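Note sheet for the following structure.
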């Protein structure tokens, strides 16, 4: 019988050393995060007030700078439009890739292009929309909120598709077989069986894509542009949080800079909220 | 609730199973009043990529009977049942040729719609696979909904009764299907298959993932269902084939070795290979 | 190829050996019985009677072994036929042992008297030899699964049956002396016991055919 000896001292020391190294490296990785949160809170909390959220920026340099109401609302509107475009399209493309395109040449081609899109810098999307929609007379020249939404949608699309594909692939083939064996046509299997099973995962993926898009600055620079007032007209210029930050942070006035930090804090809070919701959702629906 | 599908056997019905190459004079069996139909495979060949998985198979499955397919791993028995309801062709590299006849209709005929084939021939899988997002009721109704048919409560109840599951779930029809035990889930899948009113039910090792008591319940169910549907059951477990099937077919490396009444296969098989397999000398 | 179920195959073979070993015991017992009869040895007869316990014990062992095999190993096809056949064979062996005891019990009755009729004694001696040969042959037939050897038992048994009828006729025509008639009746019983041993051997032959072909067929009807 093999002797069940105690763990040698050397092994214990090695174990402790390894653990120490891992902890240290984790700490190092966390430092920037902690610093960012610290600075956000330190510089931005001062700007937070009820007025901050309920008044538009005034544009005045020396007088009352106003709040970020138009930026918040603008972000919500633009991102909502982007979501409405990107999520349905993205989910359907993911559905196609998994249910019909597996192994097919066209499916592989699509997947390849989606991968390419994932790597495209966000500013390129902005420029693309700028050239196609803003400067050309195709849909009417000029900056518009909806054009910003389209740019963000292009950004979100590959993320939704890729995460959607992962989630859909996790749905066990047994379910597809069961549905097919009942005599269901393939499209019904995809829409009525696979999609509902993967829904929690798809929602999570979409929420994360939204969170990412909400913070993008570059596309919006060329598409929805900066404006002071609150607008509900998507066909005109529209403010947004990233642009507000961009505009304020370089100003010489301290109060404006502080507003930038407050806006940044708000943006981070919004993204955090979305991520938390996504997490809660994921935990509640432990299936996939 | 009366279930008109329960048949009334009024005459002696002999098991009209034909032995390969030796057409037995089957006495004209009085047609039992149900929708169950006979299945006949004629010169069936199947490939998976380059691998010739089923070689020139000709085999009969009598209506209103349970026929078992036994054989070692890789003998092709699962492929056979998947060819019957044309699930085999869902695999990317798979191909099948030959005729599969449901009574007189060739299921592989170009004019036949594959989803119609699967509506007439139900399938129960090795691992129970109820739809996780659906309640028990919705699971049973799923087959009807997926094939654009009307759903009514009696239909669902009938299917659940047919699967011997009604008494256990009648008070919690709206609870999720995956909340049931393994054996109950499998009976739920059987109810789901029954709801579509198929003429044949294929079972691919339906009890191999279940505990012994659940296994016996499934076997009992097969005995009861025989009067309504034709059952073809693939099984690794020879004792199960012995308990449940009227006829047994033994397959080896894609070929049919022997088919006959179960009792004969297990007491005095004609082929040496069958003898060696059932006595456990190989496989 | 026969690598699977080695344990089961060994057990089955062991059971068969046990059962056929009983037939060896029967041969020994029959030899002793015939010698006791020939020598009018009452003590040897008593030994035969006492030793029947061994055959009975063997019967119980084999029966238990069969039950165990059926319950634990679920034999099918040819294995199942062998197991079923062994049950019959051990029963026949036990019956043959009982017939020897029946003969042995008759020896003290006539043991002290000299044999009254040489012809009848000779027939009975022949019957004894045939019976012994049949028992040994039935064992060989089963061991080798040899149908021809099994069917040959019928030929030998026909001779025993014929001799039995001759003994009967002889007893009928033996005369009027009461002592002689009494002796003759006792010898009739001995002949009948030997004939029954022969029948049991033929039955074992039928089991051989069952194991080999899967069909049960009576070699010769008892009504002939």
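So that you can tell them apart, the chains are marked A, B and C in the order they are listed, and the count of residues begins at 1 in each.
Note that in this section a residue touches a chain if its C-beta (ideal position, glycine included) is under 8 Å from a C-beta of that chain, and two chains touch if they have at least 3 such contacts.
Predicted model only: the values in this text are computed from it and were never measured.
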Problem set entry | Chain pair with the greatest number of C-beta contact pairs | A-B
Exercise. What is the identifier of the chain with the smallest separation between its Cα mean and the overall Cα mean?
Worked result: B
Exercise. When the centre of a chain is set as the mean of its C-alpha atoms, what distance in Å lies between chain A and chain C?
Worked result: 93
Exercise. Can you give the whole-Å distance between the Cα centres of chain B and chain C?
Worked result: 52
Seminar exercise, completed: Here the gap between chain A and chain B, centre to centre from mean Cα coordinates and rounded to Å, is 49
Problem set entry | List of chain B residues in touch with chain A within their complex | 85, 87, 90, 92, 115-119, 122-123, 125, 127, 129, 131-133, 142-143, 145-147, 189, 192-193, 196
Problem set entry | Of chain A, residues touching chain B in the complex | 102-103, 172, 174-175, 177-185, 188-189, 192-193, 196-197, 199, 287
For this session: Note which residues of chain B are touching chain C in the complex, please.
Result: 238-239, 242, 265-269, 274-276, 278-283
Exercise. In the complex of these two chains, what residues of chain C are touching chain B?
Worked result: 1-5, 8, 74-81, 214-215
